[in-house]
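Both complexes shown next keep chain A, but they swap its partner, so chain B is in the first and chain C is in the second.
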Partner chain A sequence: MIISIASGKGGTGKTTVATNLALSLEGVQLIDCDVEEPNANIFLNAPIHERKEISVDIPKIDKTLCDFCGKCSEFCMYNALAVVPTDILVFPELCHSCGGCKLVCPWNAISWDKRVVGLIEHGMADGLDFYHGLLNVGEIQAIPVIKALKRRITRDKRVILDAPPGTSCPVIEAVNGSDYCILVTEPTPFGLHDLKLAVEVIRYLKIPFGVIINRDGIGYRKVEDYCQKEKIPILMKIPHSEKIANLYSNGIPFVTELPEWRQRFCDLFNKIQAEVKK
Partner chain B sequence: MSQMRSTHDKSIKKIKKKWGNITKVNEMKICITSTGKNLDAQIDPRFGRCAYFLFINTDDMNVEAISNESALAMGGAGIQAAQRVAQQKAKCIITGNIGPNAFQTLKAANIEVITGVSGRVKDAVEQYKADNLKKTESATVDSHFGRDDKKAVNGGKRQ
Partner chain C sequence: MKQVTVISGKGGTGKTSITAAFASLANNAVLADCDVDAADLHLILKPRVLESTIFHGLKIAHINKDRCIGCKKCYELCNFDAIDEDINLITEACEGCGVCAYVCPVDAITMVERESGIAYISETRFGPMAHARLNTAEEASGKLVTVVRNNAKMIAQEKKKELIIIDGPPGIGCPVISSLTGVDLVLIVTEPTLSAIHDFDRILGVAHYFHLRAVVCINKYDINTENTKKIESYCNKKNIEIVGKLPYDSVVTDAMVDEKTIIEFSKGEIAERISKMWTKITGKLFN
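Up next is the complex of A and B:
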């Protein structure tokens, strides 16, 4: 079973939920898909024993064959190719590796070059199978790294995907195909605003989902009102507590110090499993 | 060998069909990024996401305004716009700022780039004709500069 953890707004507690849930269960594979800022391993400290570079295909032009007809640049919706009267330019950082330029080139002047965009790392922490991806600094193509991570999914394990914040392509790539999605939010107007956006995305992807409210009890009720109105189950509330904040700041998953939460996360998992099997 | 030559001849023919006589840029034709369609408009400080390109014949002051379809491009607006300017065979582009990708494309097309110009298009043409404007040798802003309207449109008012 694959459970993805997304949020809309950043900093609401995706990684807190992902790591604590992972540490409360047996037979878990945790994959941190937030390749721009992977931080799950700050809490797990899994020693890394495997690294793999991730590269993408970018067009390489044979200028002795190219006649600057401009078909490739016309086709490329990302403007990764520029054709001017006597020259052709490739802008690798804009290329999405769709392969269209090669298909439309009448002179077969295009071949592929590899460009490294990031890497994925694998480690084990107390029986927990851990992966994360690291996108190179300045790089914008998060998708290929997330795809490479998702190819490592072991279906018969309990797979937890920690998604990036927001509602853009990397989030969709991360959560797509999961059996259930947990949306973590905080009881603030910002939290609610971005939760609504995330709900739209997850509904569009037709993934069953529920909400966890983190920092519960700070006095803003509208998140709960919204969930009630929209008939979205509230799976868990994590209180706004100094103890939890303290542990978080020290890089300690709170289930290790507050063992009663282990059972709550197990119950949460069972509830989700029952919901998925329905 | 003969096959290669015929391929080459064919491709030259195709280039000419698409670009016209490529060895000849129009010496009289310059391009200015503009917020409006005529010579009284203000220069648009952005290149890739400007409102209009005004192609001006410096001899007879004939103006052709082309609305910039790249203004709303998701990415690579400057690259797309630079190709369009190259297709019009302008000799020179006058604008406020230019990003690295657009600059590279214009350079490849042998188009002179003049930046840091503001005010009315008409005045810029006069300045150009009086040879008071200096060529830029590198990009003046980072990529995505023109995306932020507030930052980019400081001098020129959008019409």
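Up next is the complex of A and C:
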């Protein structure tokens, strides 16, 4: 079973939920798909024993074959190629690796070069199978790194995917294909507004979902009112507590210090499993 | 005209609350919300929309099933897995490259315009604002950020505004880079948690990668004074100025619930510290 954890708004507690849930269960594979800012391993400290660079294909031009006809640059939707009368320029950071330029080239002047955009790492922490990805600084394309991570999914494990914030392409890439999605929010106007956006995305993808309210007690009650009205289950409330905030700030998963929460996360998982099997 | 972007790497460190407070303090500025996929600044600034324009991001494939002969060339050559084996388009995976339309032997696929969002030009109680809304499950948020920034520049020129204040998205990828390129100053809002410190390091790397001048605000600095010291010594070592340290204060959430900026809502310590920080920032921009 694959459970993804998303939020819309950043900083609501996705990683808190992902890591504490993972540590409360057996047979878990946790994959941190927030490749722009991965934080899960701050809480897990899994020793990394495998590293793999992730690269994408970019065009390599054989200038002895190219006659600068411009067909490739005309075709490229991303402006990654520019042809001038006697030269051709490639802008690798704009390339989406669609392969179109090679297809349209009448002279077979284009082949593929690899361009490294990030890496994925694998580690084990107390039986927990852990992966995360790191987009290289200055790169714009998180998708290939997220795709590489998702190829490592071991379906017969309890897979937990920690998604990036927002509602656009990297989030969709991360959560798509999961059996259930937990949306983590906080009871504030920003939290509610972005929760509504996230709900739209998850409904669009037709993934069953529920909400966890983090920092319960701050802000207002409108998040609960909204969930009630929309018939969205509130799976758990994590209270606004100095103790939990302090543990978070030091990179300590709170279930290790507040063990009564382990059972709550187990119950949460069982509830979700029952819901998915329905 | 000067531009400053508020950014953080990690989400939820307080970018938007601080940007809204700056809107209260700035005299002659245009506001730009560049977090187009989870925009929140409008919840506080309550913009009155003057102009909205449909944003066409990348094109999208349209498959005419009546013409399709089932040769599967499009399925085989799509590098985005956006066409399934039964030749149905998976909308959210399509990046509009046009390969499928090119290889289709019977012209069953055409590339069509795709409405990916709406860009707005608005008026707020603090001056003009450029913002946008990316549609559900759409791509090209970086492009939409560029539209917002161009709108902000256009308004600034028209109305002779001397400053654009940009609220950036979380992360370090495509929309973040679009929010940062070419600005005069980057304010990185961080907090004394190990996660935020880790992310701070990466977003600072991005700022340096694009040769941008960065200053730092430590939000909620008193929730973990040990970690705050770590940030301070790190900034010291890297020669990056800390322009403000803000305490944890429930007033920030109260102001948000009341749909006001912190400056409008409170005369307390945090409001005072934000004002001081703003004076420092404008000093850097204009002196």
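Criterion: the second predicted complex is superposed on the first by the 277 of 278 C-alpha atoms of A that agree within 3 Å, B and C clash if a C-alpha of one lies under 4 Å from a C-alpha of the other, contacts with A are read in each partner's own complex, and residues count from 1 in each chain.
We take it that a contact is a pair of C-beta atoms (placed from the backbone, for glycine too) under 8 Å apart; a residue touches a chain by one contact, two chains touch by 3 or more.
Here the structure is a predicted model, which means the values were calculated and not measured.
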Original post:
Touching A:W107, do we find chain B (first), chain C (second), both, or neither?
Top reply: first
**OP:** Would you sort A:A80 into first (chain B), second (chain C), both or neither based on which partner it touches?
**Re:** first
Subject >> chain B versus chain C as contact partner of A:D67, first or second or both or neither >> reply: first
Subject >> chain B versus chain C as contact partner of A:L89, first or second or both or neither >> reply: first
**OP:** Pick one for A:Y226: touches chain B only (first), chain C only (second), both, or neither.
**Re:** neither
**OP:** Determine, under the contact definition given at the top, whether A:V137 touches first (chain B), second (chain C), both, or neither.
**Re:** second
**OP:** Report the partner of chain A that touches more of its residues: chain B or chain C.
**Re:** C
Original post:
Which chain A residues lie in the overlap of the chain B contact set and the chain C contact set?
Top reply: 77-78
**OP:** Within their complex, state which residues of chain A touch chain B.
**Re:** 67-70, 73, 77-80, 82-87, 89, 91, 94, 107
**OP:** Going by the contact rule at the top, pick out the chain A residues touching chain C in the complex.
**Re:** 8-12, 15, 34, 36-37, 39, 42, 75, 77-78, 96-100, 103-104, 135, 137-142, 164-172, 176, 186, 188-190, 193-194, 197, 200-201, 204-205, 218-220, 245-246, 248-251
**OP:** In the complex, go through chain C and note every residue touching chain A.
**Re:** 9-13, 16, 37-38, 40, 43, 58-59, 77, 79-80, 92, 95-99, 102-103, 134, 136-139, 141-142, 169-177, 191-195, 198-199, 202, 205-206, 209-210, 223-224, 227, 250, 253, 256-257, 259
Original post:
Once bound in the complex, which stretches of chain B touch chain A?
Top reply: 10-12, 14-15, 18-19, 22, 73-77, 79-80, 82-83, 86, 89, 101, 104-105, 108-109
